[in-house]
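First chain A sits with chain B, and in the next complex the same chain sits with chain C.
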Partner chain A sequence: MKNPFRADMEKSSSERITSALFVVIVSLFFLLPIAWLFLAPFDGQPTYRLKLSDPSFNNFREMSQNPYAYRSLLNSAIFSAGTGLVIILIGAPAAYVLSRVKFKGRDVFLYFLLLFSSVVSGSAAMVPLFLLALRFNILDTYHGVIFILAGGLLPAAIFILKDFTDSLPRSYEESAKIFGASSYRILKDIVAPVIRPGLAVIFVWAFVQSWGNFLIPFIIIRDINKQPAAVMMYSFYTEAGDAVIRTVAAFGFLYTIPVLLMYFYVNRKYGFRFYGGIKG
Partner chain B sequence: MVTEIKAGSRTDKSGNSVLRGGAASFFLSPATIIIIIFLVIPAFWTIYLGITNYRLTGFSAVDPEIIGLENFKRALSDPAFFNSLKVTFIFTIGSAILGQAVLGFFLAWILFGLSKRIRSTVEIIVIAAWMVPSSVVSFLWIAFLNGDVGTLNAILGSQTRWLIEYPLESIIVFNIWRGTAFSMLLFAAAVASIPKSHLEVARVAGASRGQQLRTIVLPAIRPYILTDILLITLWTFNDFGPYLITSGGPGQETELLAIFVYNNALRFLDFGYASSIAAIMLLINLILSLIVITTGRKRSK
Partner chain C sequence: MSTVNIKGITKVFPNGVRALDDLDLEIRDGEFFALLGPSGCGKTTLLRTLGGLESATDGHILIDNNDVTRTSAGSRNVAMVFQDYALYPHMNVKENIEYPLKIRKYPKDERDRRVNMAAKALSIETLLDRKPGQISGGQQQRVAVARAMATTPNLYLFDEPLSNLDARLRLEARSFLKQLQRELGVTTILVTHDQSEALALADRMAVMELGKIRQVGSPVEFFHRPANIFVASFIGSTPMNLIEGVVEDKSLKIGDFKFALPPSVSKVANTGAKLTLGVRPEYVTIVKSSGPGVFSGKVKITENLGTHYLVLFDANETVVRGTVPDGVEPNIGDVVHFKPDPERMLFYDTNSGELI
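Showing the complex of A and B:
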């Protein structure tokens, strides 16, 4: 006779072992390819091999010799901060109106916003985006890339900010209005402070999305002095041979760190996770 | 898309809004203009270009002509297009549906049963693969799959040139690695939303984890499964990322539709033909998006 409790325990311990095995294997699968990024930059003789021999900072020294390396990180910062600002300045007022004002056709507006934002991807619209940039003379400009990136990110930003505003009580605004405060004062002194955490999250989200975006600057920017780190990294490993592996390692590390820091900062402070957005 | 705004009017139920009609349209118009220029116009322009013979060089550069469905007829007899369609199809099914959705679900479900410390550690590792910029992860995978000293070959004790011998399989596994975080997070939220008492009852009744999964968890999260699969299918279908690893090669073995459009447009400067392919992509995106939005609405009712 088998004790039913005993059987249950055996089953659960074998399940536990399966779970543990699964977690270990999957963790290794996700960890191993990325491990190179944290070892090779500090390796005295980096190759494709995963190792850390003769640790030093020589790779960073060698990378600094390349005149375009720091320049491209600065360009990425300009593109990303610019896109973040445009998203906030243009997206926040729109989200506020969509949350608070029930105008005729609002639902239709939201429906088409959702539809176009999911249908039009950067890769399906790359030809007209290139031609738009050509016609408006914004090829090879910072604002060209910033506006195209902002156009792609705006709908998602508006939806997230609208949800955020929906969750805030209207009562403050309404009582301020009853007491005769002007619209400008209400927006500045009551709405702006409560909406600020939402804006911070959206800014970081837009910054991270633009920081990693490859396709848009790849087709819009030809001038190497204006190229962002995303494209520079690609040039480093495609246009030269194994010789620049030191630069690739050090540069890849410096280019990645800000994204990870921003993510963990926002996640810790607001418990926010980065959902969706345009990819590639 | 231009919408009339009547904020302070009688149709306004709240009646108490801070903004009057003029201010409301002033707030809404910059976003509307940007979205029209960079999202709506490109969509229709793609379709228009798709029926022209526009090239950036030669006669038709000056004077593009409308050639009707010629580009689409050409696509139907172009083996390179069918190859690209097939590659995209296998890539999307393999990496998004069979890969990211399945792995993401099992990760979420198994981590749900483990301690918070283990769960957040594994989540951070999976999310890191998702956060690192695409040109960096692409190089990481070129190194990982390197034929001589790459980490994968070091583990297997082999000298396989993965990106040459198994290019499509390689970018499928790469994309599973790259994108599973989204499905994992979505399913983690879905599993956490199941009332604890339901799982408790099942466990007391002696159901194993597998039985709980089949009888309680899967039915409860079915709508999330659909949303997840549709969204990642949409993104993967449009993905340009593998270009950074294989450039579409060797030959055209990894030439996804996004890469096919890029090559025809910006390398061969045949904008008309590239746009007709992009228009087909837009059509498929439209169908997928309509399903996402419609099912999403039904659920929220």
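Showing the complex of A and C:
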């Protein structure tokens, strides 16, 4: 007997093959640069091609000749960790209050947080930010960059953390309160540990955002000893304007690794998901 | 062991909702007291006000004759078990039970002693190392009760502790709670919207509506003599028949049916007064023939309740519920005669809703 669905099935499987092929081609297109990032640093004669003809660590040796290379990676770490820390220290209490205290105009406030976090970008506010930094006398300082980066990321961080804190049942705090716990103890013993996965995710998010930020340190920092890796990368060019490909490859690799490791660590420990409380 | 006196408690929320309205209540020492009412009646607000989570707008709360109205939640020595149990997910069972004891700065050996005692009383010794997320709902509830118990409070407050359990477990937990309360002898206040739970557990209970108490009494009183139409319609697993009629010549006329009023009622109800007859379906039984004091009508629905049938029949546009024993149930469409037990008939003033 003839299966009336046969033709349909064949058609759908041929469609499936086409769409799979399309996905593979598109993925390859985006994967190539990433593959290059991991191969070129170990190639003795790196070009823009994807190859590993003469494996060696020469590129890293050559990069080390640059007196500012490692220093800039350390600077990046300082900027990123500092920003992450400021975001947690300010964002977590702010989110907690916004979640727990209902006041007039709270929803409008939250709406503006979201609006400003996505609409107003750093490049649009470049000039006023520079002038502000000048006035506050924080040009060319670590904390200057950290405050400006944190200021840009805080609205989104508060918004996400507030949502996360909302999912924490109030009964946790209330039961502790009835047992006689002070507000400080409730925060320390109950709230902070329960929302820790959320804090970790936000910290990493802020870290990565700052790590990749070029504009803010480029405007604020003058001293080359304080430049982060994202800006330093820009200096690995010859006077003719060509990239010094050996240095760029090696440096790019080192620049990528910390962020990748961080993602893996957090994903392993907490998973990139938000949860609060116990499901019964 | 404590008495609780609530005097004129009023709670008005900032949005203007009057959750508790000049409410008086006395709870005796060692009593298992249930607060019952539909959602939004203020029962949970009352419990939270007792626990100190809400501050009263007006009135006084006395625990053992000490005015605690303005004292902080932690200083009242009460323990509350929440509807969601409020177990801390990052602490294991032992740490959860121990946490209130840590807050109260008990030494380590005393904490261990109390944790073990509470765990033993609730048969959760084998779960002490588990996280709350790794144990069942029923076990979580026991842990929550153990945590409350370990603090040896003067007063237990239970906020719908059974509503998150499935039906079978709920019955089990119910008997268990009752037994535990008996053994501990500590005054316990339970909030529930489930009338069967209140009837089963409580020594005494109160029904609330719109921030006020409508009746206080023992479950037996509630079942047999609901003080008003609201309570009558709320209590009982099958709803009470509440049928409106008009007084005529010392009897209540409902459509074509007449029911003699007892002397205590006919004394105060004049001809023309509107009364509501209240009688439980359990006390409305089938009889052979019609006559005074008997409803007649066509059977609309029969429901099998196991040992007996609940029969809904239409007595000239009035729906009446009665019960018949298993085996003699009528068919749908049959004409039947049902007689309410005169001893069990209650008469309410239709306008005020109060029992006469």
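Convention: the second predicted complex is superposed on the first by the 255 of 280 C-alpha atoms of A that agree within 3 Å, B and C clash if a C-alpha of one lies under 4 Å from a C-alpha of the other, contacts with A are read in each partner's own complex, and residues count from 1 in each chain.
Following the convention adopted for this analysis, a residue touches a chain if its C-beta (ideal position, glycine included) is under 8 Å from a C-beta of that chain, and two chains touch if they have at least 3 such contacts.
Given the structure is predicted, the values throughout are model-derived calculations rather than measurements.
Residue contacts after overlaying the shared chain place A:K177 against chain B and chain C alike.
By the touch criterion defined above, A:F57 reaches neither chain B nor chain C.
Chain A has more of its residues touched by B than by the other of chain B and chain C.
Contacts of A:F147 after superposition on the shared chain: chain B is touched, whereas chain C is not.
Looking at the shared chain after the overlay, A:P169 reaches chain C, while chain B stays out of its contact range. Looking at the shared chain after the overlay, A:V194 reaches chain C, while chain B stays out of its contact range. Chain A residues 174, 177, 279-280 lie at the interface with chain B in one structure and with chain C in the other. Listing the residues of chain A that touch chain C in their complex gives 169, 171-172, 174-181, 185, 189-190, 193-194, 196, 277-280. By the touch criterion stated above, chain A contacts chain B in their complex at residues 4, 8, 11, 15, 19, 22-23, 26-27, 29-37, 40, 47-50, 86, 89-91, 93-94, 96-98, 100-106, 108-109, 111-132, 147-148, 150-152, 154-155, 158, 170, 173-174, 177, 183, 186-187, 191, 208, 211-212, 214-215, 219, 229-231, 233-234, 237, 248, 252, 255-256, 259-260, 263, 273-276, 279-280. Listed in rising order, the residues of chain B touching chain A in the complex are 1, 3-7, 9, 11-14, 16-21, 23-24, 27-28, 30-32, 34-35, 37-43, 45-46, 49, 103, 106-107, 110-111, 113-114, 118, 122, 125-129, 131-144, 146, 148-152, 154-155, 177, 180, 182, 185, 206, 208-209, 231, 234-235, 238-241, 244, 257-258, 261-262, 265-266, 271, 274-275, 278, 281-282, 285-286, 288-290, 292-293.
Residue ranges of chain C in contact with chain A, taken from their complex: 51-53, 73-76, 78-80, 82-90, 99-100, 103-104, 132-133, 137, 140, 151, 164.
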